[in-house]
Structure formats: structure tokens, C-alpha cells
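What follows is chain A paired twice: with chain B in the first complex and chain C in the second.
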Partner chain A sequence: MSRIATWSTCVFVAVPILATLVAATSVDFSQGPWGRGPTLDWFAYAWPPLAPVIGRSLAVATLVVVLNLLIGGPLAWWVARHPSPLTRITGYLVNVPLAVPGIALSVALVGTYPMLRPSGLLLVLGHLVFTLPFTLAALVPALADDELRTNESVARSLGADGARVLRTITVPACLVAVTQAVTMVFALSFGEFNISFFINPPATPTAPFALFDSYSTQRLELASAQSMIFIAFVAPVLTAIAWARRRAPRRTP
Partner chain B sequence: MPLPLRAPARGRGAAAPAWLAALPALIVIGLFSAYPVAVMVANSLGLGQPPADGGPTLEHYVRAFGSATVRDALVNSLLIAGGAVLFTLVVAVPVVLRQADDDRAGRGGAAADALLTLPIALPGIIIGFFAIVLTGRTGLLGLAWDGFSGLAYTFPGLLIAYVYFCLPRVLGPLRGAAATLDPALTESARTLGASRPRVFCTVTLPLLLPAAIEAGGTAFAVALGGYGTVATLSEGVRLLPLNVANELTTGYRLAASSTLAVVLAAMAVLALVLGRVLARLVRRAVAS
Partner chain C sequence: MSTHATATGHPPAAARAGGLTVDGLTVHYGSTAAVEDLALDVAPAETVAVIGPSGCGKSTTLRAVAGLVPVSEGEVTLAGRDVTGLGPARRNIGLVPQNYAVFPHMNVAANIAYGLRARGAAADRREERVREMLELTRLTELAERRPDQLSGGQRQRVALARALAIQPDALLLDEPLAALDPQLRGGLRRELAAMLAATECATLIVTHDQREALALGSRIALLREGRLVQFDTPQRLWDDPADAFVADFLAGSVLLDAERDHGHVVALNGRWRIPVRDLAVRTTGHGTTRLLLRHDSLTVTDDSDESALVAEVTHSEFTGDAVHLTVRAGGQVLGVRVPPDARIGRSVSLAAVPGRATLLTPET
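Up next, the complex of A and B:
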């Protein structure tokens, strides 16, 4: 029974992706799968205009990941190591973008900082506040680990300085958590559409907006090819997420 | 406790350096998350920039709830998000139990694992597009049976698209809960002569229920605010996020848009809180 459920759920997830691949390789999809023969032309048409947009999205996602580690890392350290009512309030505050729907946050951001929109700064900052909760969710439990804290204080009492403890004890111990945070943040930023809707610089859209535009203006086959290219960029990141999840220690009470 | 082992910081305040590390993040969160949300609430109450808004008023809310299209969108949103979450939970429970068994036995399942996580990395617009490819007017499934063509733009079609959207968001947290279930409990219930369905109803389900309720609340909040999927299928059923966006894209009516955004956010927060509270109540009831 549960085997059938798992199997059919996998089919449910896989079928739309395969169908989109079929549409992207059909000369005329309205004539049925591979109607009037298979072709790779749609990919050839889709790639040149999409390449710079994908490049821009990769750059935004990379920047958001770096900013997450730079400001989210110290925040996670503070929340994990100095628990107080203040860190609990901070925890709620960080999670605001999870509770407030993306499109609502987008309205809020554009209503407050319209002048930051054209440069793309508002987009990066919007992605940053949206992804910070995921960084914290991954890093705080890893940094709060008792064994790690004991190892750190042993190293420190043996004379290692702060930078050395960070480099040789803390970062290696948190590697799986950091991988989890980095991949999740990257994937979320790369595919972010809701918050970006009003804060995305109109002249230089990110990849989801190029897709959204194609969905309403282009042929189904071309839009399918663009979607498959997008999925191809997300898939390796996703494999890393699945890997990190399997490596993450399971808490068994 | 490793705490006393740490050497006290000498020459500098013990607390100051710690919160200083968190300061950049706190400033960004304050300026770009908390403050804009506060401004949005103020805008919805007529407390925005003076030329457009003149003093505190509930007029925007009265107008929003007085509009039939908004009320319809609101009901549709609740039905779609609620229906999708319920359906997803029913499907997810056997899947996570299977995965927990496989994990315990050390059986693979890596491919299924990656596949079932995939939709979390897909933006809502692609899920909407999937619906068009399969059940749009020239959709693939429409060739098999005519009833499938155009389904993407109907209520059941949108519901299925949202199930796809919710699936990884429910499977993830529920899987963690299933992994902590003690297999000895179900085994002893079985050896004591309880039938498989009985064990499921009296042992497995009550233990899994709190996590299911909490995951359901979270998924409901996310589905309620999901904009991409319905934006791609916007010629069909109207949901509330579309109205939020429309107020801004068709003539920049910030106050009206903010009002609907606040309504949407309030419902999402309510779903999250209800999920947490109910989960805690059920957990307590099961434990006693």
C-alpha cells in the first residue's frame, strides 16, 4: 500500500517534467507528443536570449549566498551561543518573510523603497531577508551542538586562537549545515518570483521573469525549452540539497 | 555544560562583542523586513504619505470586503490552499512511513528522495506551466481524454497544481517526524494481535498527527501566498494574490494593494499559529 503511494507520488512529480521535455523536443506539440517529428531547434532558439538572463540570476543568487554567510553566519552564532529573550525575539523577526506571503512583502518593499528598485539593490536585499530564515534554520542547531562547543573550548584552552578554532574546528563541524544553507539559499534565490515581482528591476529581469513572459507570449514548445534549461540549472543544486539532507545527523530522541 | 569552560573575555565587555556580530543582520532585517511590513500596515490604514492618504481610516478594509470579486478570490484562496494541503497530507503519510522504513533498513531510495525534493526548487510559475503542458488547451493528457483539455484553468486543475506545490513542503518536515517513530511500538502492537489498519489508526497516526498538523499549517500559509502558479494560470480561477498584484499593476493603488496584502498576510500568520497551537494540544493529548 505504502509502496504504491510512494511510487505514484514519484510518477506524479516526474510526469510533468518529462511532458515538458517532450514538448520542448516536438516540432509541433499541438499535434501530439513529438508531433511532426523530434527536434532540438527549440533549445537552439531558446538559449541565446536566455543565456544573459540566466547569468544575471546566477550572479544575484551567488551574491545572496555570500551575503547570507557574511551576515547570517554571525547572527546564527549569536542566536546559538547567547540564548536570551532577545535572541528569541530575533528568531520571530527573522521568520517574518516566511509568515508574510511573498507578494505582500513585495508590495511592502516597493511601497517603502521605490528608489532602490532600478539598481537591483532592492531585489538583492529582498532575496536576502527572504532566505535568511533558511540559513538560520540550518546553522543554529549545528552551532548550538554541545560536542562542538566542548571541542572548541578544549582547543582554546590548549592555546589555539579564535581564527584557528573557527578554521579547524567550527567550520569543518558545520560543513553539512553550511552546504544545506548554501544550496537552499541558492535554489530559493534563483527561482524566486513572488517577492521579486515588484522589486525586480524592470529593464533587467531575472530568469523566472523571462519564463513568465514567455508563458504568455511565446509558443508552448519554446517556453518548454526555456523551462527545461531553467530546470537543468536547478537540478545540480537540488542534488546537493538531497545529499546534505542525507548527511545531516538525524536526531533520534 | 561546556559554558563554564569558556575563558571570560578580558579587557572588553563580555556581552557587547556577541550582539555586535548579529548587528549587520539585525539592521538588514529591521530595514528590509520589519519596517516595510509596518509601512504596509500603515498604508492600509490610511496612514501613508499625506497627499494620497489623509489620516487614520478603515475605509480601505470596508471597500475590500465589500467587493464581490475580492470575497470570491478570498473564498477560492482558502478552498484551494485548504484542499491542496489536506490532499497532500493524505498522500504524504504513507510516503514518509515507507521512507522511514527504508532509512531504518538502510535501503537506497536516493533517486526517489531527490525526485520528491525537486519541486521545492521549482518556482510556482513552472508548476503552473506544467499544468498547461499536461492539461492546457493543447495539453498532452487532453489527447488521451478530452475532459483533460482546459482542466488547468478550472478549480480542480488549480487544486492539483497546488498539490504539486505543497508536496515537498509537507514531505520534508513530516519525514523528520516519521524518522523518530519507534518501530518497536508498532511491532509490539502487531504481536499483541492488532490488525494492520488498527495499528495504523491507534498507534502510528496519533504519533504522527502533531507533526502533520504543524506541517499542514505551514504549507497552508505558503500555498495561500503562492503567487507564481496562479499568475501563470490567471485566465482561470482568481485567487487573492492576483488581486494584490492587480491593484498595483493596473494603476498604482498602493493603499488598496497594501490592504489586500495585509489580509493575505494575516490569514497566513493565523494558519501558522493555529498549526503550531493545535499541534501542541494534540501532542499533549496523545502523550497523556
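Up next, the complex of A and C:
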């Protein structure tokens, strides 16, 4: 079973990436892999126009992560610590954007808040709406954990105030969940295309939109080089997600 | 002032200003009263065990004393301070929950120092106190260990050391031995008793284990459905239970209403007449004349006179050195121990083992 999973991963993930790399390092990919020899020139051509776009996407993703922590953290706390019909409904509502097509979500956001579009704030809010369910999915179970709640009670009984309990007990216990949430939200925002395509003004594209534009209008080798640059930025984040998932919360037996 | 069963041989609550006093405590979860009008007190250096079946409100009592659940009515006084409205951080209590809640990301020494740090104790004072607690709980060699490198008994000692490090006015232990393997409990119970004996604070232990309560508590408060049924020394609870529930829960005994009749005791609506000379006679502080039967109080007899009770055998269980019979007579379920080789039919004649059954008679 694990061998099938490994092969499937290779076929559907690794091979396309390798193919993109081959295209990005071929002088003329229309003549086959490394047609007319290998080259790194396409990366040199790809980087200058892509750099500001990558910078913009990094800024948006960072802002979305911060907002997720500022809004999703307290929201997850409330949902986890105050179970009630209201918190259950909130949990369902937060997940609704996952079931709504990106185009419908985008049109709804643009139609409702057109004044926020030029500044880019609507894009950030769109990403926030799209990523918030993942933050809650990571944080709510961690914050609802009975063992954590008992530990917090003991810490309070020992004289710790709320801020100390949060800093010394809650955050360390939720560190893996927070890491998962941060990396997942960052990766989702950085690579998000649907909402970005519809909401963001074309003059200030995000990285996935720029890649789409390149594949539509530029040579395949140049677009492939841009794709590899994009992957290079997102790979460390994906590695962090894998690390966070492998590192199970340390519990006393 | 709420009422509770009187405890004999102890100073009045007013004389115990240094300990823990709970008076008229009522805790509601929604519209349900989890604890109702509870009153008990624990003197400094005394250990009181709160015991009762699941859902009786014993853990809620402990959480209310700790300040972890809001109190609907009543008062909690610690070392002469009314702490009813104070949060847990300002009560000066040491809490040891059932799973010990040893902080998993800190080593043993850091766990013990946690409360001292939270209270802003100076570094040298903190180190000295941690060293004392490590010695008291025999954890000095394990000071740098992580909790996941400790056994259940060692984690219990860490939690105890951490709670005692802050020199609490009251130590609260929730089911202190329940998380341990049954084979280890005996030894660790004695170890825990020794450590508690070395402390000066009032200790409140919540448990559902009768042996634990009898062994650790200098007094026992028995709860049922959120209410205090009896609060007394283990010996008096054992010898003079307030009602059939206490007798059954604490010792698996049966308490029957009885009447004296010219040298005999009559029970089970006249179906059983036992000569008083076969009974141990004690006075009771709980009203009427009653017959207290333990598992060793009855035996199977061949006699068929009026002192024999004919009972139907409903269940038998081999326990190694004996067979435990569950029998029914006059609507009452009784327990009888017989030798493993005894031949038992569907019904048996029972007689009181001389001196083993107890007649409780009201004080005159």
C-alpha cells in the first residue's frame, strides 16, 4: 500500500515538477527535453519581472497569516472553550467558503465590497475567508484538549495569571498546531489562484496569476522557469508543514 | 450555617482558622445542582477524603474549592480568608489532578518551580525550595528528566512536589491513585500517606476508592447525589454508618432495620430472630435499632430453628480461599462467605456468626 502511495506521489507530483525543470533548463523545449542543449538563461529572464510579483504574494501571504492568527486564534479559542449552538453554527459558517466555488465567492466579495478592491485589501480578505477554516481545523482540537485544559487549571492554581498561562502552557502545547496553521495558511494564500484571478486588479498580479499569464502569453521555457522559482519559494513552507505533521504533540503517557 | 453529620473527637471549626472550611456550598451546572448545601472542614495537617459514587459531586467540590467552577451559594474559607470570590491564582492552593497534569514541555525541576516563578520568588529562594521538594519526594536524581521519561508514580510525586512548593494553605488531590496500575497502588498509597504526613497544610482528597479513603483520610466525607451523607472518622463510618448507603458503599455491608424482643433481635419483618448473645452490640448515633451485616457476619447452617434465615441463592462466585454467595431473603440481598468445598443448593439456611454481626442500638 505504501509503495503504491510512493509511486502515485512520484507520478502525479514529482514527475510534473521534474518535467517543468527540464523545460525551464532547455534552450528549446519544442525540440524535446534539453533541445539545443541545457541552459539557465530562462531563469535570468524570468526573475526580473517575477521578483515584484513574488514580493507582493509574500506580503499578501504574510498579512493573511497574521490576520489568521489575530482573528482565527481567538475564534478557535471561543469555539473550543465555549461549546454551544452558537459556536457550532460559527464552526459550520467558517467552513462554508470551502464548499463555494472560488468564482462565486469572488463575485460575491467584489459585488459587496467594491471599494476595498483597488487597495488590495479585498484580496487579503478573500484569502482570509478562504484560509480561516484551515486555521480553525488546526487550532480548535488543540485548544479543546482536556489535558491542556487541566494543565492550565493547575497553572492558574499555582498562581499564574492569564497571560502567563497562555505564554507558558497554552502556546507551547499548541505549538505544533500553530505551526501547522501558519504554514498551511501561508502555502494556501501564496498559491491561491481563483480568488486572486477574479478579485485582484490585473495591474498588480499575484504569483499564481503571473504564472497563468506567462503560460498563456510567453514561451513555455520562460513560464517553466517562473514556475520553478515559485516552487523554490513555497518548498520550505511545504517542508515545514510535513515536519509539523510528523512531530506529534508530546504527551505524558 | 448548614448542617452535616457531627464528627466526634475533633476541634470545632472556629478553632481551625488555619485550615479549609466549606460552608453551605452549592454548585449548579445549568439548572442541575451538582453539589448542594455541603459543609465540611479540614484542619491544618489533616487529610479529609471526599468519597462517593460517580456523579455524586466530589470532583465538583474539589473544583469549587480550587476556584475552577463558580459557586452558586455558600462560602469557602482558607486560612481564615474568605476565598469564595477569588480566582484560583489568588487562593494559595496546591492542586494535583487525576492525570497529575505534569507540564510536558518542562523538566521535573521546572515543573516544581512553576508556581514559585509565577509568584515572583527570588531565584535563590526558588532553587532552595525546589531542592527541598525534590528531597521530600525523592526526585533529586530525576530533576532534569522530562515527564515522558517518568513512571506514573514519579509523575504523581512531581505533581505533589509542585503543589507543595508554593506552601499552599490547602492541598487538593483528585483521585490521586486512579491513574496507576492496581498492582502499584498499595505501595504508592503508603508512600503518599507518608508524604502527606510530612506536610502542614489541610489536605482534601477526592476518591471513589473506599480503601484509599479509609487509608488516607483522618476523616471521610461521604457524598451522594451532591449531598453530604456522613462526615466522620473512618472508624466511626465503619462501625456506625448513617444509613444503608454508607454501609454498602464504604464496606459492602448491609444495614437492616431491627427490633429487640426479649433477648432476641427481630429483622426482615419477623422472618429472622437472632439471639442477642450472638451479636456484638454497639450504640449508634443515627437513630433506630439496626443490624449491621458484613460478608463475614453470616454462615450457612444445618439448623432450621427460628434463628436460622432461609435464603435463596442468586449467585455464587469463587474467590480462591472461599465462595462468595449472593442470597436473597425477605426482599433483602445479603452476602455470605462459605468454604470453597461447601455443598450449596438453591436455598440455604443462614445464621449469624457469633460476634461478627453487629447490633446498633440508639444512645439512651
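Methods note: the second predicted complex is superposed on the first by the 239 of 253 C-alpha atoms of A that agree within 3 Å, B and C clash if a C-alpha of one lies under 4 Å from a C-alpha of the other, contacts with A are read in each partner's own complex, and residues count from 1 in each chain.
Just so we're on the same page, contacts are C-beta pairs under 8 Å (C-beta built on N, C-alpha and C of every residue); 3 or more make two chains touch, one makes a residue touch a chain.
What you are looking at is a predicted structure, and each value in this text was computed from that prediction instead of being measured.
A.B. asks: Does the superposition put A:Gly120 against chain B (first), chain C (second), both, or neither?
C.D. replies: neither
A.B. asks: Touching A:Phe193, do we find chain B (first), chain C (second), both, or neither?
C.D. replies: first
A.B. asks: Which of the two partners, first being chain B and second being chain C, lies in contact with A:Ala173: first, second, both, or neither?
C.D. replies: Only chain C; A:Ala173 stays clear of chain B.
A.B. asks: Please tell me which partner, chain B or chain C, touches more residues of chain A.
C.D. replies: Between chain B and chain C, the winner on chain A residue contacts is B.
A.B. asks: Is A:Ala14 touching the first partner chain B, the second partner chain C, both, or neither of them?
C.D. replies: Only chain B; A:Ala14 stays clear of chain C.
A.B. asks: Under the stated touch criterion, which partner chain does A:Ser157 make contact with: chain B (first), chain C (second), both, or neither?
C.D. replies: both
A.B. asks: Give me the intersection of chain A's contacts with chain B and its contacts with chain C, in residue numbers.
C.D. replies: Common to the two interfaces on chain A: residues 150, 153-154, 156-157, 250-253.
A.B. asks: Mind listing the chain B positions that touch chain A in their complex?
C.D. replies: Residues of chain B touching chain A: 2-3, 5-7, 15, 18-19, 21-22, 24-26, 28-30, 32-37, 39-40, 43, 48, 91, 94-95, 97-99, 101, 103, 110, 112-134, 136, 138, 140, 143, 164, 167, 176, 179-180, 221, 224-228, 231-232, 241, 244-245, 248, 254, 257-258, 261-262, 264-265, 268-269, 272.
A.B. asks: Considering only the defined contacts, which chain A positions touch chain B in the complex?
C.D. replies: 1-3, 5-6, 9-10, 12-17, 19-20, 22-23, 29-30, 32-33, 70-72, 74-75, 77-79, 81-82, 86, 90, 93-94, 96-105, 107-113, 125-126, 128-129, 132, 146, 149-150, 153-154, 156-157, 187-188, 190-194, 197-198, 208, 211-212, 215, 220, 223-224, 227, 230-231, 234-235, 237-239, 241-242, 245-246, 250-253
A.B. asks: Mind pulling up the chain C residues that touch chain A in the complex?
C.D. replies: 66-68, 87-95, 97, 99-105, 114-115, 118-119, 147-148, 150, 155, 159, 162-163, 166, 172
A.B. asks: In the complex formed with chain C, which residues of chain A make contact?
C.D. replies: 147, 150-151, 153-161, 164, 168-169, 172-173, 250-253
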